[in-house]
Amino acid sequence: MTDKNLLLAIFEDIDPAAHAVDALRGLGIHDEQVTVISGTPITEAMLGRKHQWSNVTRFSLGGAIIGFASGCFLAFATPNMYPIIVGGQPLVPVPPSIVVLFEMTMLVMLISTFLGVFLDSRYPSYTPKEYVPEISDGRIALLLDCPGDMEATITKAMTEAGAESVKRAEAQVI
Amino acid sequence: MTNKLSRRDFLKLASLGAATSAVLTGCGPASRYVTREPYTKMPEYNYNGQSTYFATTCRECAAGCGLVVRTMQGRALKAEGNKHNPVNLGKTCARGQATLHGMYNPDRVQSPLKQARGNNPTDTDWDTAISIVAEALNNPADTAFLMGLAPDHLFDLVTDLCKAIGAPAPIRYGALGMFEARATLGEASRAVFARPDMLFFDIANADTVISFGANFLETWVSPVAYTRGYSQMRRGPGGKRGRLIQIEPRLSQTAAKADEWLPGAPGSEGLVAVALGKLYAEKKFGSAPTAFEAADINLAAEASGIPLEKLEHLADLLAEAEHPLVIPGGATLAQENGLETAKAILTLNALLDNPGKPGGVYFTPANPLSNKYQRAATANEMAEFIGKMNSGAIKTLFVHGVNPVFELPKSLGFEAALAKVGQVISFATFPDETAMLADYILPDHHGLESWGYQRVVTGTGQSMVSGAQPSVAPFYNTRATADVLLAAATKAGGKAAAALPFKDEVEFIQDKVSVLVGAEGGFYNAADLPAFWALFQQFGGWWKNDSSLGVPPQTANAISKELKVSAAKPEGEGEFHLFVYPSPILAEAGANKPWLQETPDPTTTVMWNSWIEINPVTAEELGVEDDDVVTVESAFGVVEVTVYKYPAIRPDVVAIPFGQGHTAYGRYAENRGVNPANLFGTTTNGAGDLAFAGMKVKIQKTGKKRPLSRLESKLGVYGIGMSEEH
Amino acid sequence: MANPKIPEFKADWKEGEEGRWGMAIDMDLCTGCQACVAACSMENNVPFVGEEMSGYGRQMAWLRVERLWEGEYPEVKMTPFQPVMCQQCGSAPCEPVCPVFATVHSQVEQLNLQVYNRCVGTRYCANNCPYVVRVFNWADYDRPEPLPNQFNPDVTVRRRGVMEKCTFCIQRIHKAEDQAKSEGREVVDGEVAPACAQACPADAIVFGRMDDPESRVSKLSKDGRAVHLLEELGTNPRVAYLKGGSNGNLG
Amino acid sequence: MAISANALPHAHADEHDHEAYLRKEHLMLDPKPRGEMNALVMESMTTTSWKFWVIAAVMAAIVAIGLFGAWGYMIANGLYLTGKNRPGYWSLFLVHTVFWIGISHAGTFVSALLRVFKAEFRRPFTRAAELMTTFALAQAGIQIFAHMGRVWLAYWMFPIPNQRLLWTNFHSPLMWDFLAINTYLLSSTMYLFLPLIPDLAMARDRSTGWRKSLYRILAMGFRGTEAEWTHLRIALNIFAFAILPVMFSVHTIVSWDFAAAMRPGWSSTIFGPYFVVGALQSGVSAVAMVVITIRYTMKNMDYFIRKEHFDALGKLMLIISMSWAYFFFNDYMVQWYGGDKWTDALLHFHEAGPAGWIWFMMLITNIAIPWLVLWNKNWRRNPVMLFTVGLLANVGMWAERFIIVPVSLEINRMPFMWGQTFKPGIEVPMFIGTVAFFILLYMLASRLIPLVPVWEVQEGQMAHSIRKYGKEPVVSVADLE
Amino acid sequence: MQKIFELLKKPGIQLALLVVILVMVSGAVGLFYFQTQVPPAQPIQFPHNIHIGLQIQCLYCHPGAWRQASAGLPTQQKCWACHGQLKKYWQPEVPVAQWPVELQKLRGFVESNKPIEWVPVYQVPDFVHFNHRPHIAAGVNCENCHGDMSKKTVATVEETVNMGWCLKCHMERTQDDPEKRIKLIDCGTCHY
């Protein structure tokens, strides 16, 4: 037995889970020590937890900037690297450049948004994790990082809050 | 002789590498590396990727245009006009441009062949071939030569040979000669100007030209020279743009360039000419001379379908003109009344007082080599010759430069007569119809591989002979016919050997042109033969600097003779006049050149096939549409041909171009289109020329369809498929 | 604000700029004889495609002689023969639409270039050419031996999937320029002629330097009879067509 | 599961009936426990009859021969096998490219636009529509590549450094097209994948064997933590907003391929929106067809897809058909009124030329039939009727592209070079091949990918409830995000 | 064995393996391509070094270079013009069989009167129209492109001749002359 344990409490509905979150706070468990896992997106607010931090928007913004820059490179720099005149048009045509800028901005922005999800969520990761398949059937699970000595207290509090089951979480290949 | 296809041999994985790199680059098969080095000791300059140019003479027709052939590493790349040659002054026609497709044609006869009239051809060797020729020369009385209109040096050689051994003189024939009715023109010239010469019409300096169906921009006599003349006339040397009026049943390419096209009925041109003469004389002098006195103007208008006002208008134009000129065309003379028509037209020229004046009619200059003008045989002469063949009097027939099985009207029965000839020896370069029926094909070089010369008959006022030299080494195991004959003559010995004591063709030609060494007034002068010969090759011939056109004698005589012209009586039954014209692109012998086949006809833009031109109104009456196949039937033959609704043809006339319909002659010509010569009859005119333009034919719908390949868009050009209103 | 100058958006050619090479075609003289078509095909290794293909609009000639019909018999008239080849537009609509720079404008020769080996075959240029003068290699056309002996080594042989068009015989221009340069002079008028102009029996096609006001072609192009095809499109073509009668022109 | 709207106590029987009707009608009001729904979806994926494989095999054969076989043959021999000529340099390949790109639009439209505007009926078939986007774009890509004369050099369109020192020509609408289609293909694929992750995790949790390994790899270790959901939701929001302008830009740029050209009839400023609406017309119709097909061929789909969806799609189709008619009229009107003689000739050629019947067919199938059928609620909700209208609208849109590309190409400013004949060539088997390829891909995907986004459906069901205002039970939706 | 499997499961190892495979494949493709670029053996292993050592100018045997597009390869006459006079070998006491092998080959060509089929080493593709003359005129020396022939026997390809290589030089040499640069980077200068 270590001094820290991972407990997995499974709830059937949102309300008991919210109660459990409150109960945990009462027991002095920090929000950071609790991970909520659910099969359906439920907002932090539903459980009365604080807002989750996400870097995806920053990735998007960064991507948009990189995309714009690469668009600029393609539209403004490459024609000058080997100047070729076509159709009596200027070397760097303004209206077509706007198309290039737009498409490149969007492309890199969306790619980096996508990658942002991956990076933020640490995808892909196939290492064993604490998880039970019932979650994707609609259960809500609280994954508690609890001090070893509080295990019994917490288990009891969870059961009281309406947990279906509380057990030691074991990392498994999922 | 190496014949490397591709430099890509040098890639180790040759086939794979070549294929992939060619596909990847989208370019190839490597034009630059098609090397052909005929000489083992190639001159250094020839080795380095520089072009060498050889002046020679075009052999696509008999006009004698000068060519300059660009060659590189022993292969000919391009035929260009010889800018010194007075006939074409550096210009060429489409046929001249495509001449290389003849030389590099995949279907040439590659070595001497022995065959049983087209069956079981087997290669033979030249020694055997020469002994066979020699044997025939030993029996001169039963030997006959049938030759084309080019080249002249060979004709001269054969003439000398025949004279020496006592064989009948060689006969020349060419379909273009027939289409131009040259004999008729000569006869008319004899009657009007007292000399049976080829005439030169000075279009360049005329200001009003009325052409009776002379398609001088297409195939007539010397098209490049006359096109140049036309161009000068339009620019107007005197600051006045010349005017051209064409009277012809269908709008030909020449008529398309005319200011006015008058669709005169075939056979009525003589009447029109005399009517014009009368109107003109009355306008200009108040009364008409004897020749035109009896002309019936109303009859002319009625017979030709040209309204009276138009005739008056033409007479006005002639009267206003400073340099009026009237030209008789081939089809116009190829009528039963053709000789009278020709006389009428020449007399009209006499009335216009243009003979011997700028913009008028001249005799062509005397040729520096021989002033005898050897014209093509007429239909009558050919019929006579065929009769001789039929009678079995000819044991050996030599054929060179002509394809009578294709070019002669079928009705004359040449093919049947050929079967009665003991032995036929063809010198054809291509496996044409006649060659296929020969016992031996002893292939001559292609024109660009040959030595020779051509007397220029017309097209320039300068007296000239156009020289030919090989631009490349012979591609196949062919041999110059002159060399074959010389070798055979030597072998035969006797008179033949004595008459032709020449080592080879070149020596013979040098002997012939040696009369020009030191001649005065030439483009160049050379004191001795080697120097002359070098210049002769360099400039591609010899010619005088100044014009030496002959002036026809006083014309008063001519206009005081009465002209008897009546409308032509058509031959055969049927409701349509058949108008056959030589295809401006293919002419008589262009059908085997793929690019000529693909060059669109100037007026119809049709490629690769034959068609029959029918007026849209007539077509509607017949119930035929574009691309329908109809049968055209004359008393002598039937052909099936596709309809082209031609908006500019008389409703009672149908036209078929001549040039297609080969049954042999290589993959590009074979079984393509129809040969309208199969429809021709046997009627001849007063000069013995075939009255091919006086045929009547029947047309019947077959219900079949055969789309024509045309460049133009029917939709855009005729608005087919769209109604008029919007 | 005296004389406000409107800035030019599409800036690279200026009104009145003639270009370097030009052609003038006298339609009064052109007899439609097709010598130019044949000459061009022989010079530029243009393949022939056979009856079916050519009838289906796949003829490869770089040059065609147009004519239309007007009226009905007997008042029928054929419009003058009009050879149409690439007009070498100064402001060519075909050029900007190529995604890979396969058709570009030569700044030196002021010609419209087709770089065969760069072409990927989108055929946009052909669509955008108002003169419909570009042809596409729909297949590798068969030229049986020994016809390839005739290939002009100065001109690339094109294979399937590549666009091509009239080049004003740029190989001849280069050769003449190279020759002139090695002799330390400029190309003189009449020194270089494309195959079509060289062959033209009626001398209807005149080729030469447009930037030389004394050259035959620039004089002809300034003639009152000179028009340009589809001038209203502003493509600035380098081929002038002389309409009407040729009275008093040329010497 | 019980995260659901509980039924209110009922006062009257008819109220109860009305509520029952509402529940029967709306999927969002007819919640099932999540586990049950999961089971339904899993079952729909794994229940495969032999007929399925027969059809799949036939499709695969058509793809192998009609598409790849024919294409390979064409690459080896040249484009003379097609019906193209001068002046019809572009023809069926471009028609089919535009056709497939048009179809691809609906996926994004249904999924992103309706997501942005929270149109709840979208939920069960967003994935089906997004799959269509990706697969149709693949077909469009095949057609574009087939169109190229030298497809093996297609990479020259990539703006990458190379030994020739040459870059690409950004003046060219084709280059914009290349960029836009690439952007669209990549972003729509990502947009398909992101919301798929939770469903893949679900499938991972309830499958065994090779499926388990496959889903395990694809789900990438998704558990459903708050953080994961948050990232996903934010990303989806960004995607939904950003992909819409991309979508509009793609079809606008496709239209610029034509509109930027200097051709009568093509050079039109209205082409952008006209093409976009046309794309939606064919795309939404195709979605309707796909949805109907799924509903009647796959197991358990009758729960997820209901008449309300047919109804909604029918309404969409009607609106879009009206807009299309408007844009068509707009384009025609302006060209007719202000066009030069060439445009006049072209418009006349459209109606009176040899392809005139296609022009009239386009008007009938795109305007007359949708307007006559879709106004009626019962007809709209009739799957056979809706399917037929959808099919005809697609035929009509094909006809529209046919009129715009090859038929318009026949008319140019050189009447001598107007077109004269059109023979369809190898494009026909290749088009059939792409249709088969599309169907095949879809069939295979339906075995591998949960076609219904279960979590989205459940999310929707959580948010819906029936509230009573006065005596009327009213459907209300809560904003969960 | 088990350990290897365990190792293989590590993403880093997998990535590294992928990179190795990619490198090998591209190497193989490159080698294949390179192989196709190696010219086959010359008919005569001509020793450039000896001839240059004898102070024979490049342009003596490749005279086209200064006046035309193609530099040209010498004919057998040109070779024999000198070699036919070389006293060293013409002595009766030096029979042909004792000549250097390559010279025997040359004599073979002369006797059989066949052209020497030299294999061009520097090949530009068909669609590139290269011209030696302006290069020589601009002062580019032979060795700039062909390498120092005085150190080589048979010619080898010294530079990767591709468009970038051409352009690099063209751009470098025209840095101060924009007018010339336009000419030298114009597509139509080489491609037509």
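Note that the chains take the letters A, B, C, D and E in the order they are written out, and that residue 1 is the start of every chain.
Everything below uses one rule, namely that contacts are C-beta pairs under 8 Å (C-beta built on N, C-alpha and C of every residue); 3 or more make two chains touch, one makes a residue touch a chain.
Computed from a predicted model, the values in this text were never measured in an experiment.
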| task | Could you tell me which chain lies farthest from chain B when each chain's centre is the average position of its Cα atoms? | result | A
| message | When I count C-beta pairs in contact, which pair ends up with more: A-C or C-E? | response | C-E
| note | Farthest chain from chain E by C-alpha centroid distance is chain A
| message | Suppose every chain is reduced to the average of its Cα atoms; which one is closest to the average of all protein Cα atoms? | response | C
| note | Cα centroid separation, chain B vs chain E, in Å, comes to 52
| query | Per the centroid of Cα atoms for each chain, what is the distance between chain A and chain E, given in Å? | reply | 60
| request: Quick one: report the Å distance separating chain D from chain E, using the average Cα coordinate of each chain. | output: 56
| note | Chain-centre distance (mean CA atoms) for chain B and chain C, in whole Å, is 31
| field | Per-residue multi-chain contacts in chain E, two or more chains | value | 125-127, 167, 187
| Multi-chain contact residues (two or more partners), chain B | 23, 25-28, 30-32, 49, 712, 716-717
| Do you know which chain D residues sit against two or more other chains? | 149-150, 153, 165-166, 168-169, 171-172, 175, 414-417, 419-420
| query | Any idea which chain B residues touch chain C in the complex? | reply | 3, 5, 22-23, 25-32, 34, 36, 49, 72, 75-81, 88, 90-98, 100-101, 104-106, 217-218, 223-224, 227-228, 230-231, 234-236, 239-241, 251, 253-254, 256-257, 263, 475, 584-585, 594-600, 602-603, 607-609, 615-617, 647-651, 672, 707-712, 716-718
| said: Considering only the defined contacts, which chain C positions touch chain B in the complex? | reply: 28-29, 31-35, 37-39, 41-43, 45, 48-52, 54-56, 59, 61, 64-69, 72-74, 76, 78, 81, 116-117, 119, 121, 137, 144-153, 155-162, 195, 198-204, 245-251
| remark: Note: in the complex, chain A contacts chain D through residues 12-14, 35-44, 49, 52-54, 56-57, 60, 74-75, 78-79, 81-82, 84, 86-87, 89, 93, 96-97, 99-100, 102-104, 106-107, 109-111, 113-114, 116-118, 120-127, 129, 131, 133, 135-139, 174
| request: Please name which positions on chain A make contact with chain E in the complex. | output: 82-84
| note | Given the complex, residues on chain D that touch chain E span 162-166
